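Next up: some structures, all given as structure tokens.
In the two assemblies presented below, chain A is common to both, partnered first by chain B and then by chain C.
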Partner chain A sequence: MKCGVYYRKLKDRLFFLTVCMFSFLTAVPLVAIISEVVLKGFRQINWAFFTEQAPSTLDAMIARNSGSILPGGIANGIAGTLLMVAAAALMAVPAGILCGIALAEKPKSFFSGTVRFIADLIQGTPSIVIGIIAYIWVVVPMKTFSGFAGSVALAIMMLPLIIRSTEEALKMLPSSLKEAGLALGSSYTSVVIRVMLPSAFGAIFTGILLSVSRVMGETAPLMLTALGCSVINWDIFTPSSAVPLLVWEFYNDPNLVDMIWSSSLFLLALIFIFNLISKIIIRKYV
Partner chain B sequence: MRDKIFKFLLLLSSVLVLLVCGGMVFSLVSGSWEAISAFGFWNFLTSSDWNPVPGEESYGALPFIAGTVMTSFLALVLCIPFSLPVALFNGEYYKGKKIAAVIGSVVDLLAGIPSVVYGLWGFYTLRPLITDLGLSDQGFGVLTASVILAVMIIPYSASLSSEFFSMVPGDLKEGAFSLGATRYEVIRNVIFPFAGSGVFASYILALGRALGETMAVTMLIGNTINIPSSLVDTGNTMASVIANQFGEADGLKLSSLIAIGLLLFLITAVINFIGKMVIKKFS
Partner chain C sequence: MSETNDKIDTVLRMRNVCISYTRDKMAVNDVSADIARNRITAIMGPSGCGKSTLLRAVNRMHELYPDITVKGDILLNGKDIMKMNPMEVRRMAGMVFQRPNPFPTMSIYENVVAGLKFNDIKQGRSERDELVENCLRSVSLWDEVKDSLNKRGTFLSGGQQQRLCIARALALKPDVLLMDEPTSALDPVATNRIEELLLELKQQLTIVIVTHNMSQAARISDYSMFMYLGELVEFDNTEKMFTAPSDKRTEEYLNGRFG
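Moving on, here comes the complex of A and B:
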């Protein structure tokens, strides 16, 4: 009786259990990664970790041999990440929001379709290729690696994310909102700036936060552009460090290898906090 | 007047996006021109030389194309048994329930972990595991890189395909249920046929992600310049060879690396285009 009811029910049950099992298995890598990063990383987290620059190989070797935790911290990386992400946001956010408004304004025109297609194309481009672009555009003409080149790369990566989230946010607004503003005689500009952008602020801001958290962990484009720097450096036109770049440097230096977990912990915590804030904003305002 | 300026700004920002993309293509093509004209496009694609000795320099992209194709397709195969159940779990069985939101956040968090942290985890946890299983001596290679890549692309394919599963109209499913079908039969005979092309597209887009992943793969694939002879052999992908060699490259070698970048750009563009087209047809 291959087609009997019991056989079919059994098959249904088994399928359901398999789906559940594999779904929960997906959480295993997440738990494993987070627990490994936290367990191996928390020992290094102290005040100096946030305020001092990365130790030299020699200092780290001495500390290692005496069995104590490594001196120094990742302040140069934190400074570089802050500087580069802020500069990237400064470039990408205004352009992205304006472009998002333009797309939401004429959603069906051929031009909008093209822009949307190109934005998707940029979003799909591998980060390492964007690193090459920023290298050709900024590093070659300026003849030096720089934090600015890194932020150009990050800005290119942020741009399509902000465009799409702004467009989606504006599309969700009821059209009566805009019509009411126009009917009251206000100009198109003031309707957009005074009515539409404030109403969609939560969703747009969430998009910005998510795009920042996306680019904060990027290593590959920065390897080709910002290069890295062993001291705290606030000059954007010279080589600059970043937290993910430091993780990569520590990974390659056997004396500093203990620092990778604490730096990763810092990076993960930062990204998760950004994600959390954006979730809270979504729940509250959207 | 203000309206005119504002509308001009809107237009300008849209044109900026087009210019950025046009500039990207132009820079990649002009940067790789030296290599392409020296070796010829077809020859560059099919040559497996990588000889940086001055005077007899010769570069070809074949080993890296092979490495990229092997790692990303293997990653895709490995990711399906996990992302499909997650998508069904979130988009069908527990659609809109709390437990689905929990799994959804797990998937979101997985997507948020930086590539370099995945690489560390692969290096310190996964690699010893592969060595212990006796699959390879050092644990580096195509297989290790693919497993990490699979974990990295599960979130993309799972969240996208769960959306397509949840878009299946309720009356179609109810029709099947009222005929006495079990849930499994509904999934197989109603949901899969309906959402199939969308789910297929989500895997294509995930493949596009896997092709361009750099850091985790660079840390795990072994970085040897050869066509991997087996799944546990070491190799190099297009992204990892750029990451490894770009720093000390100049002249013809730099141009060859940029040409590999151009190639990677074109491949991901085509893959993403196909994925987007399938989705467009679906909706």
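Moving on, here comes the complex of A and C:
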């Protein structure tokens, strides 16, 4: 009998060790990636990095040969990313929330089923395909690459995330809340706007933040739409740069390779901050 | 009923009300009843007998759920509720639910005036303050919350929350207050306060209360309905029903032999 207990204890210990080992194994590459990006990117981070546009190949070459850090920064990318993500959010957030309300309120209708299916499909579509679609829809008729085309591509990618998170947030609310509102003689619209949406605000906002941080690092759809721009450009209807686009450009230029790491660090930090904010909001409101 | 209809003012008239959740099963079967104004009418019966279902038909709550069908006529102040706007019906017939459900994002003050806001009833600041005070006073919550009107409604205790929900319903000055087991989630002290409150409130309005607590019905109601398996078995003066029920099933239920 005692032997049986000993055997079971051993099995228990063994299982625990296996779980620990595999979780450690998955953590190793993560830590390695982050530490590499931080260590290699940190050197380039200074004030100019946030305020100046990307250096030319020649300037970078001179700096490299003299052994100093590369001049310039990624301000053109930051400007483009901010502009495009903001424009994309402006398009995707209202549409996504309204769509999410429809799905939560009429979960079994044919419309909801179709929208849910399409949303899942878009979420699984490779981002380059969405880039091509934005190219055909926006770039071709407007006859120019533009930040606007890029934001359309990003908005399409944000939509399913916002729709589903709004739907889930509203579904989590107890039905008594809606009944309480209607029982006070409220119209349906009033209940949705004044009771349901405020109550689900935290969860919906979190969904929006996560979708923003998701599209912020997208490169492929922007290659076909925003194209890139070497100066700081706030005009959304002309070609625009973005941080992930710059990473790609730096990669293709041997003189600018060092900038990859600092740009990656910037993106990583930005996404980290967005995730952190959404975590805080979840803890506070949900 | 012991009193005839012309002596008592009827505020709510139900005629042959049938409600079903699925096609083949009736939850409420052919119920007809007249509810007297400024009286408390209790609906009793074992779980699943259709008490709440009947109550929720009065303010057309069932319309939220497309599977539920309601047949028969319900007249509120002589008007067919199905011919009225549902928002109007619900404003005239306020509802208090089983679990206290103040709006979580609103303060105590905002919770009380929520109904006015929903109905786009504009009021001056002082007028509104007065209304909030009156409503909270009539549910005897004013002294407890007057210094924390800006705090969230959910910050109150369960009994206080339920009284807040009653105040919220009263703010719209309804003719009828429908209460769906309003004390079943509360402790005896809180229950007692709500019962006292209801006895005061019946001066102003008509109360229909669903309860599976027989002693509660005996304590506060003027009239009692006994429902069983979706049917209205007996509807009479509470005193008469509890002392000399005319139906055998009522007697058995009141004696605790089933339900």
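Just so we're on the same page, the second predicted complex is superposed on the first by the 270 of 286 C-alpha atoms of A that agree within 3 Å, B and C clash if a C-alpha of one lies under 4 Å from a C-alpha of the other, contacts with A are read in each partner's own complex, and residues count from 1 in each chain.
Convention: contacts are C-beta pairs under 8 Å (C-beta built on N, C-alpha and C of every residue); 3 or more make two chains touch, one makes a residue touch a chain.
Owing to the predicted nature of the structure, the values given are computational and were not obtained by experimental measurement.
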Query = In the superposed arrangement, does chain B or chain C reach more residues of chain A?
reply = B
Message = Output check: A:223 vs chain B and chain C. Expected answer is one of first, second, both, neither. What do you get?
response = first
Ask   = Should A:231 be classified as contacting the first partner (chain B), the second (chain C), both, or neither?
value = neither
Task = Figure out whether A:176 sits in contact with chain B (first) or chain C (second), or with both, or with neither.
result = second
Task = Check the residue A:198 against both partner chains and state whether it touches chain B (first), chain C (second), both, or neither.
result = second
Query = Which of the two partners, first being chain B and second being chain C, lies in contact with A:119: first, second, both, or neither?
reply = first
Inquiry  = Once chain A of both complexes is superposed, is A:187 in touch with chain B (first), chain C (second), both, or neither?
reply    = both
Query = If you lay the two complexes on top of each other, which residues of chain A touch chain B in one and chain C in the other?
reply = 187
Ask   = Where on chain A is chain C touching in the complex?
value = 174-187, 190-191, 194-195, 198-199, 201
Remark   = In their shared complex, chain B is touched by residues of chain A numbered 8-9, 11-12, 15-16, 18-27, 29-30, 32-33, 36-37, 94-96, 98-99, 101-103, 105, 111-112, 114-115, 117-122, 124-133, 135-137, 156, 159-160, 163, 187-189, 192, 213-214, 216-220, 223-224, 244, 247-248, 251, 260-261, 264, 267-268, 271-272, 275
Ask   = Tell me, which parts of chain C touch chain A in their complex?
value = 59, 61, 64, 87-88, 90-91, 94-95, 97, 99, 101, 103-105, 114-115, 117-119, 165, 168-169, 172
Inquiry  = For the complex, give me every residue of chain B touching chain A.
reply    = 2-3, 5-7, 9-14, 16-18, 20-21, 23-24, 27-28, 31, 81-86, 88-90, 93, 103, 106-110, 112-121, 123-125, 151, 154, 158, 182-185, 187, 205, 208, 211-215, 219, 239, 242-243, 246-247, 257-258, 261, 264-265, 268-269, 271-273, 276
